[in-house]
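Heads up, the next two complexes both have subunit A, just with different partners, subunit B and then subunit C.
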Partner chain A sequence: MARSLMKDGRPRSPFSIVTMVVLALLWTIPTVGLLITSFRSRDDAATSGWWTALFNPLGTQWTTSNYQGVWSGQDFGSAFLNSIVIAVPATIIPIMFAAFAAYAFTFMNFPLKELFFLLIIAVLVVPIQVAFQPMLNFLGPRGLGISGQYMAVWLLHTGFGMPLCIYMLRNYMSTLPRTIIESAKIDGCSHYQTFWRLVAPMSMPAIAAFATLQFLWVWNDLLIAKLFLKSDNATVIVALQKLLGTQGQGQELLTAGAFISIIVPMIVFFSLQRFMVRGMTSGAVKG
Partner chain B sequence: MTTATSDAAPRQKLRDDDPEANLRLNPVKVAIGILGMVVIAWALGNMFLAFGYYPEKFGSKLVIGVLAVIGGVGGAAALFYFLNMFVEGLPRRLSEGFIPYAFVLPGLALVTLMLIYPTFQTVNYSFANSDSTAYIGFANYRTIFADNAFWTSIGNNVLWLLIVPAIVVALGVVVAVLADKLSATGEKVAKSLIFLPMAISFVGASAIWGLIYAYNNPGQSQTGLLNAIVVGLGGQPQTWLAISTAKLNSILLMVILIWLQVGFGMVLLSSAIKGVPEDTIEAARIDGASELQIFWKVIVPQIRGTVITVFVTVFILVLKVFDIVYVTTNGSYGSDVIANLFFNKLFAASEAGQATAIVVVLLVAVIPLIWFQIKHFKDEEAG
Partner chain C sequence: MATVTFDNATRQYPGNPVPSVDKLNIEIEDGEFLVFVGPSGCGKSTSLRMLAGLEEVNAGRILIGDRDVTNLSPKDRDVAMVFQNYALYPHMTVADNMGFALKIAGVDKGEIRKRVEEAAKILDLSPYLDRKPKALSGGQRQRVAMGRAIVRSPQVFLMDEPLSNLDAKLRVQTRTQIASLQRRLGVTTVYVTHDQVEAMTMGDRVAVLKDGILMQCDSPRRMYDHPQNVFVAGFIGSPAMNLMEASVTDGGVNLGGHTVPVERDALKSAGKNVTLGVRPEDLELSDDGSGIPVTVDVVEELGADAYIYGSTEQKLLASTGETGGPVPFIARVDGRRPPEKGTVIHLKPKSGHVHVFNADSGERIGD
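Showing the complex of A and B:
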């Protein structure tokens, strides 16, 4: 039997189709289960698996009360705002600092340049756990006294995100044509002007890629948020972790809370996936 | 020189006309630069402190968020503006030497404060008592090395490191190769679905997989997918995450991390596979190589670099794995890992000395990786 061809002329591969459908289903089923459970009533969820609702959608009591309960009753509304207030600055501020540093590492020559850059590469691998006890002291009551506030977490995420950001942006900037930078210099542009008018706009793909990664990382972080934020300022991930610890009572709220916590990263992810993939693969994350 | 060009480049003209200008200090620029930096730093510091101590004055958290974004981003931009003005005001030869540091040092200072200084301080604290007030020599190390929980955690970490990165790479390659053979739309949809978990937090993923590993008493209907399947096949429901036989619970937790990370591996590997020149594959095909031979002998050697990148990235992630274990078993049933042990020593037990000693062990484990990264970078720069 002749193998059928696809529109672009390549032969269709039944084995690939079957395997990929199975894998895609396996990868999707857990999340679908969460989504369905979050709209089921408490009794339903406690007495039958979520798939029964899928096979019998009309016989299921669909409800949004879990979402109402978790949003107001468990303070997910306030935690949701906290997450936004933390994640947005913690994404943008490191980029400001890292972009200037990456520019210098790419287009300037200066003593100690190589040592500085090797330092950045070395700390890419250092586990952030090393920072916790010293930073609890430094930011805490014995030091600056800002532990618990948003600012402490912004600072930490800025510092922890910086090595990867410098590294990614520098790798990307080194692919930009040097002639453009040199002609700007001949036209009398200072480095500062060259940075703002040429290099920063041209580096947008890599900046967008890092911004997506950093946003996901900050939004999804549990460790830093748990250690350095007071409970008023807790993020959705911390709220969800607390909910995970409760058994019995409030179990039905868990799935709704989990869905609230993953909806924003999913939206960011889907809208910026293009940039992220391009940035990750265009040599931005190599090594 | 025409007037048009000199208008476009007044600074250049100034330098040409007055060579002495390069050597002179421009006190106005220097003064404004310094003043600007001080004012910005002062204003930002106070604004952020006000957010911390008087949040109610701003009405809502959204207002704080918007102000923080404007202040943080605008402030950082203004800081660089005044720093640049300061450096440009210096005599030219000094300024040319200074400007790279003006660009690099703010970022580097933050890295130093947040990562390099704490590394040394952590080593320092690991020789001190539980609230870091007095040195106690190697007592912390003796305590953790004598603790069975520590060795169980090390063993589990090793198991995680042996299993997770290898499977992520293998599955990533399989998905990348097979997706490449689908139609364009099919490939896009399949890849998006497999990539999607990357957006989900470890905590969220643990909640999601809780619905799969859930346990109900025998006789009740099973709400966990895995137990429903087992019971459907005539078996007994199991409390999956409490089974430490053959490290089953650890392996089930690893499945969660693999589920999260395969998409990352797939994206990098897929782009590497698409970058393999078609003619090398065609040539092998003409020589009569089977698809499997083409894969192993032609494709794999050409994507080796990407395979190593994915492996190392996931390896580093696994070394620090914490959230998944913390929110599911919190280390009980023999499933503890180093990062979770560290967290519990620091947070629950308030044993800063032992906690930092555990981090030092982690730090020693990453030293070969640091060496590897630097070597890899140097090879790449040379090549």
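Showing the complex of A and C:
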């Protein structure tokens, strides 16, 4: 392998290239296995491993009946939509508020600032389970009466996601060059303008990273979805869990359903990964 | 365009017993180029930031024109600032960077474009208007930062060590460009630097600060010829002025056995000892053995000139002849006939080029 240079001018290392390829393959194997199994018949999947299909593709009974089963069986389609309707706002809302909060914690001065920040960090270590009973009371018929609706789950995910998001974004924003904010001040920006025109665009790597995390977490969430959504509003993950009967029937549907359910997180990841680049502020200040 | 007035402006950081800027009083004229200079921590940047509105003023006032801006926010002061690290907006093009303030102010697009292009022409940035800052060299980024200030046509330019991130050659070049640009635009400018050469070459007036206190504010020439105190004398000029303790005698000051003539009237209030200052270029080699004896340690030959780095014994008390040990001594001599290393030479200060300071207060004595 020629020792050419990488984009940033460092010499290419054959060792790290080989390691990365091996790791990438290793990490992909379970997904490939899932994909293959989802196209095999129930009997095949029950009697042999997915790799036998790979070595003997002609002797395998390929079938799309699993996928048909998933779509026709229960309301998988509407569960899919429910998931999107829940995950998208439950990602955007906490980031919106957390970014405002992080800006305030980083660039503004107000009384008890440190105490408030400490409280938010403290909330990070409180387990979700602790909040279930009070939240059921609060959101349920005795409180707001929105338990079971999308709104309830949006609120919960916003509440549980925000502390970490504030923490991450504040840490990122405090690495932004302070003179840029001062320059904006002199240029006549209000806090609002400074946030939208400068800080938010410059914080894109951190925002994108957290958006991916939050989306995955909300999308894969079973606990909150099970507890706080009525069955009409159930998410893909809840639907997946329902595919499986108590005696293990419907196992073959599970693989197909699982594969469908990971498509959206993959799309989200690949569309956001280009924002997760370092060097977003390069050129701003003389290093 | 406007005058700028610091009226007893004071800044004291919470938890710090001493003010970082202590009762600063300066009046800057319309269109003047004033340079703040001083060692690090002297409060020069803080003073500038107080004027910009980035730093609170704890006591006193700051006026731009007749307007008291002490408690105004930066955006209401009509000032533009160039930062040491340029502080360009990384996600915007050069044109957007330069037009940003106008955009925020709601100026219409055509007008912004026009003013940005004018400024770009002045600064040779026209080919780069659509680039992002990261695709520019250090010098170009510096010019974008300048352009951002120019486009706004503010009442006052504030510059916080804008050249310290450039390499030596570019710095000298840009120094001249900034000075001439300022003369052409005629905008009142306050400039902060720690480099006294920059201060002397660029400023109409130079303000020297130390520990938050204004030491002297004068034209570069006056500052050089009439330093008000020992600090300014030692700070301005390169190589630095020779400063040493000397005892007062009849008709002058005794230095290493040599009597330097100083006006008698001036010495009246001085007491027994004074601090004597002589610039390296105000010394002449004497052939007859009279003058200050200096042992040559190092000779720096610069072609036209040579600098002698040596030492001399200083006398503390004329009565006992007790010496205060060797003190470093620098002199400029003709570069074609420099003395040898290790020899002892005798140097005589040129008359009228000797500075005398009070040994205790450090204040200048006489004219």
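The rule is simple: the second predicted complex is superposed on the first by the 233 of 287 C-alpha atoms of A that agree within 3 Å, B and C clash if a C-alpha of one lies under 4 Å from a C-alpha of the other, contacts with A are read in each partner's own complex, and residues count from 1 in each chain.
Keep this in mind: contacts are C-beta pairs under 8 Å (C-beta built on N, C-alpha and C of every residue); 3 or more make two chains touch, one makes a residue touch a chain.
Quantities reported herein were computed from a predicted structural model and do not represent experimental measurements.
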Exercise for review: Examine A:Leu198 and indicate which partner it touches, taking first as subunit B and second as subunit C; both and neither are also allowed.
Suggested key: second
Exercise for review: In the overlay, answer first, second, both or neither for which of subunit B and subunit C A:Gly188 touches.
Suggested key: both
Exercise for review: Check whether A:Met108 is in contact with subunit B, with subunit C, with both or with neither, and answer first, second, both or neither.
Suggested key: first
Check your understanding: Per the overlay, which chain contacts more subunit A residues, subunit B or subunit C?
Key -> B
Review point. Now for A:Ile128: first (subunit B), second (subunit C), both, or neither, which partner does it touch?
Key: first
Check your understanding: Touch check for A:Ala258: first (subunit B), second (subunit C), both, or neither?
Key -> first
Point to revise | Intersection of subunit A interface sets (partners subunit B, subunit C) | key: 187-188, 280-281, 285-286
Exercise for review: Please give the residue numbers of subunit A that touch subunit B in the complex, ascending.
Suggested key: 6-8, 10, 12-13, 15-17, 19-21, 23-24, 27-31, 33-34, 37, 45-51, 78, 81-82, 84-85, 88-89, 92-93, 96-98, 100-101, 103-105, 108-110, 113, 116, 118-135, 137, 146, 148-151, 154-156, 158-160, 162-163, 166, 187-188, 190-192, 195, 216, 219-223, 226-227, 237, 240-241, 244-245, 254-255, 257-258, 261-262, 265-266, 268-270, 273, 277, 280-281, 285-287
Revision key, fill the gap. Per the touch rule above, subunit B residues touching subunit A in the complex are 8-12, 48-49, 51-52, 60-62, 64-65, 68-69, 72-73, 76-77, 80-81, 84, 88, 97, 99-101, 103-104, 106-108, 110-111, 113-119, 121-122, 125, 132, 174-175, 178-179, 181-184, 186, 189-190, 192-204, 206-212, 220-225, 228, 259, 262-263, 267-268, 271, 305, 309, 312-313, 316, 319-320, 322-323, 326-327, 339, 342-343, 346-347, 352, 355-356, 359, 362-363, 366, 369-370, 373-374, 376-377, 380
**Study point:** Footprint of subunit C on subunit A - complex, ascending
**Key:** 177, 179-180, 182-183, 185-189, 193, 197-198, 201-202, 279-286
**Study point:** Interface residues, subunit C side, partner subunit A - complex
**Key:** 52-54, 73-75, 79-81, 83-91, 100-101, 104-105, 132-136, 138, 141, 148, 152, 165
